[in-house]
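Below you'll find the structures, each written out as structure tokens.
Look for chain A in each of the two complexes below; its partner is chain B in the first and chain C in the second.
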Partner chain A sequence: MKTEHADISQGRKFSGIWLIPLLALVLGVYMVAQKWMNEGPEIEIAFMTADGLEQGETKVKYRNVDMGVVEEVRLNDAFDGVIARVKLDRQALPLLREDTRFWVVTARVGVDSISGLDTLLSGAYIQLAPGTGEIGTRYFTGLEHPPQTPAGAPGLRLQLTSDRASSVSAGDTVLYKGYNVGRVENMLFNPSDRLVHYEIFIDAPYHKLVNSSVRFWDVSGVSLSADAGGFKVETGSVDTVFFGGVAFGVPEGVEEGDEVEQQTEFRLYTSYDDILENPFQYGTYYVVSFDQSVKGLRPGAPVEFRGIQIGKVERIMLKEGLEKTRTLGEQGKGLSIPVLLYVEPGRLELPDKESSIDALRETVRVGVNNGLRATMASGNLLTGATYISFDFFPDAREDTESTFMEYTTIPTIDSGLAQLDQKVNALLDNINALPLADTVTSANTALASLNQNLASLQSILDNQSTQQLPAQLDQTLQELKDVVSNLSPNSQAYQSLNSSLLSLNRTMGNLETLTRTLSGQPNAVLLPSTPVPDPIPEVRKK
Partner chain B sequence: MKVAHLLLVMLLAGCASQAIEPSYYLLRSKQDLSSSALSTSTDFSLGTVEIAPYLDQPGLVMETADGQMRPASQNLWAEPMFDGVRNFLATEIARAHGQELLPTKLTAKSTSNTTVVNIRIDQLHGTIDGSARLVAYWWLVRADEVVALNRFAESRNLQTSGYSALVDAEKILMAELATKIAASLVTTAP
Partner chain C sequence: MTARTTAANSGLASCHVCFKLAPTAVHRCPRCGATMHLRKNDSLQRTLALLVTACLLYIPANLYPIMYTEQLGSTEASTIMGGVILLIELGSLPIAMVIFVFSVIVPSGKLMTMFYLVWTVERHSPLGARQRSMMYRITEFIGKWSMVDVFVVSILVALVHLGGLLVIRPGIAALSFAGVVIVTMIAAESFDSRLIWDNIEEKNSEN
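Right after this comes the complex of A and B.
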């Protein structure tokens, strides 16, 4: 049998025709890769409104270079804003950082400036301001207003709070000794804490002037005050007069503080005088309870230690005192009236720092153990105003600090004020007991007698002889004048008197000669000496 | 006893010396002036006439040595020195000026129109070597301001020895002083 073998053919090898689609595939992949590599990022920016934004029209610019275009504008999921989807060029990738900011540039007319007029012709656009944070962010929240400070600008951003809105607003200048060193970037009223919050930025290198001891105050407008020295007008720079502004500095007598961090919060004072009245930032609260009348004690009354003011009365905690009385069942013992005090360590020459509060508290604690007590003292007898005075009473009953609500309490002792009050009341009772009615009757009688005497005096004055007295007196004076004139140097009487005085003078001279003679020769009267002949003037011999 | 009294009287009589009769001199001008012949000056008046205190005494003063003065006890002025000097000068000034100067008040106050002549005699005495000396000042006051101050200091030898010649020499010096004063009135007339 013959075996047949089939010829096995290898078939046709790879056809050259397949090169065409393969080449097309490679080319397609290359083109896709090329497009993917050249394509820029796509980001989303949230705005409150779509004012000025148009799909396919509104551009995104950085340093006036087109970086992309808005491809879509749509409402957000909550319908309370819009989201703009933006296609950016690839070169914008390094600019997309977590703190990169976007805002719509359009024509704006404000009180202090006009900007964006060029957009009236070219149309609004989105301005990109790159940040310095982490790269890679794709979702941003756009600013409703252009930022006052360029992103990444060196300096210090701080928070100011005020309990009322002043003339300060975003864009106002920040001054240090009258020099412009920064600006107010933002202003916001927070309903939760009922405070107005300002965000300010201090440009470098002036941010080094800010430390924990500086105070910020409003220098808007013109401050006019009058006192015994006359009128005083205070203003900041010219622009702060019209547009408002903030100034800062370290108050006189306050030490320089520590360096502060970004976003540190400060209080915005209404004026520099407000700072002088409240120069210290740090303080602590104490409660003192009195078992006596607190009449005349009002919020703001001074708290003194041996005459030095260390704080003020914050408020009288009557409501809390009643609560405590009810809670502890102390009815019938008499209600102690707690008074809340605010004490500032800076007033005791301690540094105006938070650490000083602990030092003050320790000092008070030791002081209470050694007899430190609070008393009420009279500040003004006319108005009846009182204040709290601290001093050491070594003989006081031993006591220690305790707490009332969250506050530390300091023991009190009854002041002499209450005793004085009792004495004054006793004195008034004595005055009431005086026989005032009898006294008034006696006084009336005396007045009637005086009236009679005055009537008698009037009758004497009305008498004709009394009325002639002035004329007679005048005549007498005239006669006296005549007598005096007769004694004038040219009068005969004067000449006669003068001659007599000269004779008297000569007689006195002779008497003096006689006395001198008798002094040298006592027996001259009985035994006259031989007179010495006068020396004769002799004619000169020629 | 009678003998003792007699001895005492004799002793007292022996001690007593014979008194010397003093001589009196009058300082008067020899000019014969009648009141009717003189007119009074309206521009000038005679104010104060002062004499040095050592001259205000009865006796004439003699300088016996340099700086030593001795008032005479037997040769006396017949009237107070002040009266004599004022009288003499008033007469002699009237003679030289031609008008009599009426006396003003002793306070020497002058009105705005009248010039007051005030005079002070600082020295007027004789010397033992036979001369007379006169030193005087006069000043003119008009409207309470001194308008002129002059000084006169002259000496004159005596013609003969004795006090009478001294008085004559002093009169001549006083007359020369009055002439000088009258001349100054002309130069300072208002």
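Right after this comes the complex of A and C.
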């Protein structure tokens, strides 16, 4: 029965049930493909420690949006740090730029703020702050401290350098006329240039206040100064007293400069007074060599042009001078001492710009050809301090600029001091040449004759008559005394003289009465006088 | 050996639904009206297809996390094997064994058993028919217990929902694992165990 078996055989045709595994496969492939399509970049971030980093746990966030997760934390090859391998989402690709920064956000308690408290519960995460450089970096170095400025904040980031670490530290405020406009983000001491480098950030829109002529100075703490006017206490805002701060502004008398770029470098002055003392940013170096004593010339001594200070002495390059003398073998001439000068074009009323240096150099070059020379002058006779003075000496020996090491040198002439020295020497030589011996001989002769005179005088004194002279003198005086005693009030002569004088006095009185009568009535001698009736007082009329 | 009398030999087929015996010539069950087949329709192909599906689903079920534990803001993802290893490390060996047996051994063992059965039936192998039959019965019985893992996850997700303190969310593996279990159950269901014996009958009839 063939029909009975026909139903038993299993059909070889494909059943529709195969659609199910096919569907599963397609779904699976789709999922894998999608995952692969969304596969983000894998980056490596180097940190000092893996503090807070957990494999498969720690997230990478940007603006609090998850961007990826730490896949692996391992030690680096040198075992002096860790490397976190991070799997990022595809959308993070444009954020991975050359200067993109990463740091671990954990709870931090600072002097002025507490941050990251949410990480106490959720655990630390890595913060991403996109930069502006080129896209495509995959290896980053994580920051050990979070930057002070939020990622992507508009503003201006600047570099400050200072030759000493003041009380300014990361997190301190930046003030403009006492108003908080930014903060110090970072400080670093670079052992190679021995300068402290600060990174500061000025928030928008205050970054427009920064131009190439602004100066930055330290307003940390309290500055106390005493002068003839009394005590003066200067402080910034209250928090700068405790935490330090940096202020900036355009010093008085300085023109507003040009706009500055990101990461421009400025110098951090120690105080505003420091700026007033050194108001210029740009300067150039010159060398002057002296064949004379540089006694009294110290680093910082002024360099003047006809009495106007144009710079200062940087240092005396004795070592380099010795080197040069040795290599050149200049024998017999003696060692000339090079002095390094720092000259600021701003002090000559030139604009305080880079270009002014070239202008100054050109002026000096022309000036030297016309007799500009450096001399050393005495500044203070008491302390012996000297300074460098520039002036034109038209009759100076012709000379031009030359170079010493990398510096331009300006020719010198012997200073007034050295000339004075020579004159004093000449004077002493003249004195030396005087015929002193002859003078002394004649003086001796004069003294001998004087001696003779004195001896004859002595012989006169020794004479008998001379010795009797005092006794005779005494007798004469006694007689004179007797004469005088006769004239005393008790003596007879005196009394008779006195009575004579009294009678003379009476006579004179009578004579006076007669004279008066005669002056009133000249004929009284001839006629009898008529008596004048007594005046009768009258009643005053009403 | 003489051929034993079977329903198929006698020109009778059993209804899949009400198990009434009816002549193979009849296309509809005279009692319930269901379509009559001598054996389950395309049994091997269906079983094989479903097994392949289960295999495909088994991959994400093991690779992806089965559940996410959000504890105080930190999320922890755990896969099946990860959970087993974690339990062993924590010292809960019995629970680890239960999960390991029902989530790893049973589903994979079931898949392999079914593949073996399909393979032998396809090859018309007459050997060990009784053991194979027993394997099939055990597989069918134990298969549903694989759902333990899925149930544990579903219960945890439903119960543990304490706001920000502790939240458990199911992972993609929970779904695919449930898929594996369901698909293998259907595969076992669509396998016609009588096919094991048909080979012996054929051999016998050939002799």
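Heads up, the rule we're going with is that the second predicted complex is superposed on the first by the 318 of 542 C-alpha atoms of A that agree within 3 Å, B and C clash if a C-alpha of one lies under 4 Å from a C-alpha of the other, contacts with A are read in each partner's own complex, and residues count from 1 in each chain.
As a convention for this text, a contact is a pair of C-beta atoms (placed from the backbone, for glycine too) under 8 Å apart; a residue touches a chain by one contact, two chains touch by 3 or more.
None of these values were measured; they are calculated from a predicted model.
J.: Once chain A of both complexes is superposed, is A:Ser402 in touch with chain B (first), chain C (second), both, or neither?
T.: After superposition on chain A, A:Ser402 lies in contact with neither partner.
J.: Does the superposition put A:Arg506 against chain B (first), chain C (second), both, or neither?
T.: It touches chain B, and chain C stays clear.
J.: Does the superposition put A:Ile17 against chain B (first), chain C (second), both, or neither?
T.: The second partner, chain C, only.
J.: After lining up the shared chain so the two structures overlap, which partner does A:Thr441 touch, if you call chain B first and chain C second: first, second, both or neither?
T.: Touch partners of A:Thr441: none, neither chain B nor chain C.
J.: In the overlaid three-chain picture, which partner chain does A:Ser459 touch, first (chain B) or second (chain C), both, or neither?
T.: neither
J.: Once chain A of both complexes is superposed, is A:Ser355 in touch with chain B (first), chain C (second), both, or neither?
T.: After superposing on A, A:Ser355 lies clear of both chain B and chain C.
J.: Check the residue A:Ser122 against both partner chains and state whether it touches chain B (first), chain C (second), both, or neither.
T.: A:Ser122 sits against chain C, while chain B stays out of touch.
J.: So in the complex, which bits of chain C are touching chain A?
T.: That would be residues 8, 11, 13, 24-25, 37-39, 42-46, 49-50, 52-53, 56-57, 59-60, 72-74, 76, 183, 198 of chain C.
J.: Using the touch definition up top, name the residues of chain B that touch chain A in the complex.
T.: 12, 15-17, 19-20, 56-59, 62, 64, 70, 72-75, 80, 82, 105-107, 126-131, 157-163, 165-166
J.: Applying the document's contact rule, which stretches of chain A touch chain B when the two form their complex?
T.: Touching chain B: residues 488-490, 498, 502, 505-506, 509-510, 526-540 of chain A.
J.: Quick check: in the complex, which residue numbers of chain A touch chain C?
T.: Interface residues on the chain A side: 1, 3-4, 7-8, 10-11, 14-15, 17-18, 20-21, 23-25, 28, 31, 57, 118, 121-123.
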